[in-house]
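When the chains are written out, they are named A, B, C, D, E and F in that same order, and each has its own residue count from 1.
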């Protein structure tokens, strides 16, 4: 089955970002596909490669990049939300790209399920 | 339909709104801070047990454990792991997150 | 809201999208950024319903004047929804009553639904997105 | 002491916790989404009017206006602008924001 | 928490700082990042009180195991507070009761206060910071 | 009177950031001083100069920079919170600097009032 995932909150502050990652990874492990994850609202902050959390803590953008590289997940950051919050191509971690809200609507139209994580 | 709630019922109104709108036979999955609602002695316990007559109530085990609540889950509540979360989404034709 | 022209994902599929608004305006950005998603979804010719419940009903208040907090007043956008063929606007009776509001207080015409009607409407959707 | 609340009383528990802990003669200032509580017909209206016997209740005018609520303020509530907000902080020896 | 050694702002002033914890752990980062502020404040030799009320009492639960959500378990830090001379830990009786909790359920020794006692404690502080 | 201000949420998503700015500007207009504003939790995201909100909307980092330049407000971003969230010297708007939590405690000790804005 194809799952689309929408993430509305940034890393560390809200667990939403962690829950979404563990859900996506588990879905893939179980043989489903996650063709795209869409980052909206403060969710765009998950894509920031400049983050350097403590060594004993998870690195949110890096683990998304790894999942994308290994399983072909398309990580799409909303352009309008990103502009408001200072996320540009210059700070984007590998595997993320900036695009329009149409990419979110397409997920709803084309995939079997759309699951939202937020606050 | 699968309803997903992630907010503590003592701090936010999300669970109450969800339970009011979930139709008979629907599933309700509690994750993150929402899992406190299904623990013994919680303010929401009575509401959860009343709702369990018409709805299937699930709670995410890893979130219960992370809150020291693994051993305090109310009778009638089904504890699932992330694999179970994925299965619930797959089994229901649509889902709604009560943000 | 630059890309609101007709869009097409090529599939010809029309799904039922419900946008559930549960939050007050201005205290958080969800109401404003949520509207942007609704407009784009309509541009893809999908079957769009907007639902206002809990504090979300406050989004539709008449007489909003946000100059004093120095942010944009986006409440007029709700009146423009009709122009984008978004005509299914529903508010929850119970949420209105709990806040002392009537249809007269709202900036657009809406259909007022009971909790049961709202629950049935939600259950028949393909996609529900909550802001 | 000045208590500052910025959350909607229909969605969060902050106002209720604040009113329970504010000692007699304290001031409570409602800003942002908290201002809905001091409007006619709100669920919190009765609580606010009961609290006004022991506490001084203020609400931020620009936040009321931004929510279309400028004309609906309960009797006994003092509406202030940002200048009044600054004065309230200055006049009280300490303040607490109920986040 | 690298800069927890003795610090001094040079003024010699000692103020009463209260840290009011009202939020559950893990769902948001406030409990964790709040602890960092408390430790630094103690390093400045200030008079520190930590108060746990509403969902904040959940921060002190015994038996927390966060491996399954792949985040750090910081609950042991509460047991280390004493080593930093942070000994005034208060929990709100009413919040404990509402959640079916007793002192036996908590990872550290605390003083349980009634709402009135808590209110008086708060009123006598110089600085209150809420997380 | 000297006011310290603590901001715990980022721009646009929560009004906290707007309320704090309007409070600070008004306090200065009334003859008080705001020697320092401390940005903690997601509040660190207010310092990002890469943000380009729509032209008819406020620019949060730019207006803080302007207030700092005109009135000598010290804009301090918490280093630990900034590292988790990818805020580095490279993206800092003028007038902001990154430093430790001790700067927040000093505000509590030295100033007449400390006012917190958050979620």
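Everything that follows uses one rule, which is that a contact is a pair of C-beta atoms (placed from the backbone, for glycine too) under 8 Å apart; a residue touches a chain by one contact, two chains touch by 3 or more.
This one's a predicted model, so the numbers in the text were calculated from it and none came from an experiment.
> Between chain C and chain F, which partner chains are common?
Neighbours common to chain C and chain F are A, D.
> With chain centres set to the mean of the C-alpha atoms, which chain is at the far end from chain B?
F
> Taking each chain's centre as the mean of its C-alpha atoms, give the chain farthest from chain D.
Measuring from the centre of chain D, the most distant chain centre belongs to A.
> Just how far, in Å, is the C-alpha centre of chain E from the one of chain A?
Those two chain centres are 33 Å apart.
> Just the number, please: Cα centre separation of chain A and chain D in whole Å.
38
> Which whole number of Å gives the spacing of the CA centres of chain D and chain E?
Chain centroid spacing, chain D to chain E, equals 26 Å.
> Give me the residues of chain C that touch two or more other chains.
26-30, 54, 69, 71, 126-127, 130, in rising order.
> Multi-chain contacts only, two chains or more: what residues does chain B have there?
Where chain B meets two or more other chains at a single residue, that happens at 6, 10-11, 13, 32-33, 62, 94-95, 97, 99.
> Give me the residue numbers in chain F that touch at least two other chains, ranges are fine.
Only 8, 12-13, 15, 19, 22, 41, 57, 114, 116, 118 qualify.
> For each chain, which other chains does it touch, given as pairs?
Contact pairs between chains: A-B, A-C, A-E, A-F, B-C, B-D, B-E, C-D, C-F, D-E, D-F, E-F.
> Would you mind writing out the residues of chain E in touch with chain B in their complex?
For this pair, the touching residues of chain E are 23-28, 54-55, 58, 61-69, 71, 73, 75, 98-101, 105.
> Spell out the residues on chain E that touch chain A in their complex, using ranges where they run on.
Chain E residues touching chain A: 26-29, 69-72.
> Which positions of chain B touch chain D when the two form their complex?
10-13
> Across the complex, what residues on chain A touch chain F?
Interface residues on the chain A side: 10-13, 41-42, 45, 48-54, 57, 61, 83-88, 90-91.
> Name, in rising order, each residue of chain E that touches chain D in their complex.
My answer: residues 20, 22, 30, 53-54, 94, 115, 118-120, 122-123, 125-128, 130-131.
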